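Okay, so chain A shows up in both of these, paired with chain B first and chain C after.
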Partner chain A sequence: MTQFLQQMINGLSIGSVYALMAVGYSLVYSIMNFSNFAHGGVIMLGAYFGFYFLAVFKWPFVFAFFGAALGSTVLAVLLERVAYKPLRMRNAPFLYFIISAMGASILIENFVIATIGPTFKTYPQVLSREPFQIGALFVGRLDTMIFVTSAVCLALLVYFIDFTKVGKAIRATAFNARVSALMGINTDMIIILVFAVGGFLAGVAGVLFGMKYTVYPQIGAVTIKSFIAAVFGGLGSLPGAVIGSVILGLLETLISGYFSSQFRDLISFSLLIIILVFRPIGLMGKPSEEKA
Partner chain B sequence: MLKVEDLHVYYGGIHALKGVNIAVDKGEIVTIIGANGAGKSTLLNAISGVVRSREGQIIFKDNPLPPLPHTIVREGICQVPEGRMVFANLTVKDNLVLGAYLRKDTGGIERDLENVYRLFPRLKEREKQMAGTLSGGEQQMLAIGRGLMSDPELMLLDEPSLGLAPILVETIYEVIEGIKSTGKTLLLVEQNAYKALSTADRAYVLEQGRIVKSGRARELLEDPTIQESYLGVRK
Partner chain C sequence: MDWFYAKGILILSGINLMAVLGLSLLTGFTGLFSFGHAGFMAIGAYAAAFIGVNLGLPLIVSLLAGGLVAGIVSLFIGRFTLKLKGDYFCIATLGFGEAIRLVLDNVQVFGGARGWPGIPIRIDLWNVVLINLAGIVFMISLVNSRHGRNMIAIREEELAAKTIGIDTFRYKMISLFTSAVYAGIAGGLVGYYTGFLQPKMFGMTKSTELTIIVIFGGIGSVSGSVLGALLLTALPELLRAFALWRLVAYGVAVIFIMISRPEGLMGGKEITFRGILRAVGFGHKHSKAREV
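Coming up: the complex of A and B.
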């Protein structure tokens, strides 16, 4: 039982980082109906920003953390302006958006390899490695911080989307952008905003991921897992993205803990595929209804 | 108040509006009748900025309209689109609140929300329900209410009676006359020519992208060619 709870705690920690990444995919999908595969590149650069601010510029952690998040925000908006806006203006088919996203993703990754280099970078130690002990359970300080930070970010996101006027405008635009414009909503600004929010959370996720593991140019390949979690939860649905991510995180750690970490991805993704075969719209997906 | 001058709209190679001229004066209900595909919705969408015109201009209160839909709403023009198009994933109240998206006058928004609820008590009863769960008639009420929430000077209504039971068509048209009595101006596009001509002050007949006839709505109602083509009266 203790071991099970221990695994659950680890799973929640990594699952919550997946959730931060996954909502970025879902937000963009809900508005623009395509999967922004360059999102992984934004997450990866967020991790590098955090690393440089902390390890090279020696900024205090809070500054480095917000610096990385803001850096990713700017990058995500820039990505939209350069890679997607010209396509939007021409009403290009969605396939072109995906190709543009893949191109941007490869570009970002190779830009980092060419300028910074392909080697792994390790974040300086910010938190003590001494875990909290609750009964027989050991809870890492870093895992706690990751979970709390992610949960706060996600709670703020839900509040923003569900209860503010601009959040409602985002949901309206997700439902029907043309009619939203007829109501006076500047849909171009809404798209910028969605990329900015997704980019901010990508930066936060990148730093948390980098602190837990390491930083390297292929982090984007890991973030694909969060994309799959978003699909599994129901692409375009924010609660779906969060639930899908947490389930994926739990599955991964439980399988590594009880079985073998070699089989982790194999088993967890097979399960996801099986679920999608029986429920292609994902757990929370509601086609043509609630999307954001 | 609104002047459309020599407006040409193309969809790729299709010439949808071929030099349309119309004028709407303050406080009037003007209707545009015509068959399917005549260009009625295209004309409203060109005024709203959703489709671009290639030639001609649209003057509103002596100034050309700005180019983008949301900036046109700011000028005081609001379109209630064809087929209702309520935000099915939002509550009834949130739909109405978004109608007032550009407004900052909280007091005025509150007052207009009360007015919309007075106009359509059904919406008040269902204010917390998702708009997608409303019936077609209720969705049309919501679409009109949402349009009113922007407090427009000119309201563009695209086929408000489409797909509604006759009793609801009556209700909607009573509301349209009610809106006129509050001093707003309406431009109404309809296939239900009889209803539109009996409600409007003036009318234009649009055929294949051209205005072929215009005049007092009452007179067009008596016009033999209109009766034959649009009102189903056989000679």
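Coming up: the complex of A and C.
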């Protein structure tokens, strides 16, 4: 039982990072209806920003943290302007967006390899490694911080989307972009905003991920897990993305804890296929209007 | 540059071309996007190598058998996923491709993640060229047949295609099956050329590369795919000197093509014998009407 609870704590910690990444995928999908595969690159650069601010420029942690998040925000908006906006102006089919995203992700990953190098970087130790002890359970300080930070970010996001005027505009655009534009919503601004929010969360996720593991140019490949979580929860649905991520995080730690870490990724990808076959809209996705 | 090196590049281009031809039918002519074709290549590669090594069958038989195994697997995949909307199909193939790789990582009979060395090398330039010629001739006659036109109709407007009585599901299945057979044969070529197979060779990067070649060559053009495969396989090799920066340039090029020339090199046009004659000043001007 103790071991099970211990695994659950680890699972919640990694699941909450997945959630931060997954809402970025889902937000963009809800507005633009394509899977932004370059999101992994933004997360990776967020992790590098955090590393450089902390380890090289020796900034205090809070500054480094927000610096990395802002860096990712700028990058995500830039990405939208350069790689997606020209396509949007043309009403290009979704596949061109995906190819463009793939190109951007190749570009970002190899740019980092060419300039910084392919080696692993380790974050300097910010928090003490001494864990909290609750009964027989050990809760790492880092895991606690990751969970709390993610929860706060997600709560702020929910407030922003559900209770502010701009959030309402985002929801309206997700529901029907054309009608929203007719009602006077500047959908171009909404798209910039969505990329900015997704980028900010990606930066936070990148720093947290880098602190828990290490930083290397292929982090983007890990973020495909959060994409699975977004599909699992229902692409385009924010609560779905969060729930899907937490379930995936728990599932992964339980499988590697009790079974074998070799099968962890296999099970994640099998889950993706099973979901798509039996319930393609995911746990909480909107049923899509099928044309034929 | 000596002949041996050039020959190696040509053989690699030929192998890529085989897979690209198949993907061209699926993506370029039927309008379905796949990010899992490396998975079909992997199945074909391992099946062809297994059949050739253990049953001692001749090269062409084991290659065809490898292609057939990949094709049969694709029927299962297609049965479940081809009913999904376009982008969900694309995500499902992504999951499938990764799942295949991860399964092969754990199959110890084939050496698991360490790889499978000692496959007899039976590929030379002449048989790659012959196999590719056969592949090109078959593909051209397929896309110009009634079946090919039905697939193009699905790409252009699925609902309309259904309305005029095309069994869209069946034609999507045929398209997926054919493209998986091509990918399987390409995989078999990989094994018999390098003499070594490793699941890592068939990751998402490979699938993305194939899709990018199809787009680069031009949607709906067989000769575009041929040109794309030759150019995009040879270029990175020729740019070896700029080792680190060539993939950055590659990413930039992909985005640039998407936003400036999305129809690719050939975009729906073909290089025909008559067209070449006309370009060099022979042939009749009025033959143009018949070609269109």
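The working rule: the second predicted complex is superposed on the first by the 282 of 292 C-alpha atoms of A that agree within 3 Å, B and C clash if a C-alpha of one lies under 4 Å from a C-alpha of the other, contacts with A are read in each partner's own complex, and residues count from 1 in each chain.
In this section, a contact is a pair of C-beta atoms (placed from the backbone, for glycine too) under 8 Å apart; a residue touches a chain by one contact, two chains touch by 3 or more.
Since we're looking at a predicted model, the values are computed, not measured.
When the shared chain is aligned, chain C comes close enough to touch A:S35, but chain B does not.
Judged by the touch definition given at the top, the superposed model places A:A92 against chain C, while chain B stays out of reach.
If you count the residues of chain A touched by chain B and by chain C, you find the higher number for C. Touch criterion met: A:I106 reaches chain C, while chain B stays clear of it. By the touch criterion defined above, A:N186 reaches chain B but does not reach chain C.
Looking at the shared chain after the overlay, A:Q218 reaches neither chain B nor chain C. Residues common to the contacts of chain A with chain B and with chain C across the two structures: 290-292.
Chain C makes touch with chain A in their complex at residues 27, 33, 80-81, 84-88, 90-92, 94-96, 98-99, 102-103, 105-106, 158-159, 162, 168, 204, 208, 211-212, 215, 244-245, 247-248, 250-255, 258-260, 262. Those residues of chain B whose C-beta lies close enough to touch chain A in the complex are 48-50, 68-70, 73-74, 78-79, 81, 85, 87-90, 94, 97-99, 101-102, 132, 146, 150. Partner chain B is touched in their complex by these residues of chain A: 165, 168-169, 171-172, 174-176, 178-187, 289-292.
Touching chain C in their complex are the following residues of chain A: 33-35, 82-83, 86-87, 90, 92, 94-96, 98-100, 102-111, 113-114, 221, 224, 228, 231, 262-263, 265-266, 269-270, 272-273, 276-277, 280, 288, 290-292.
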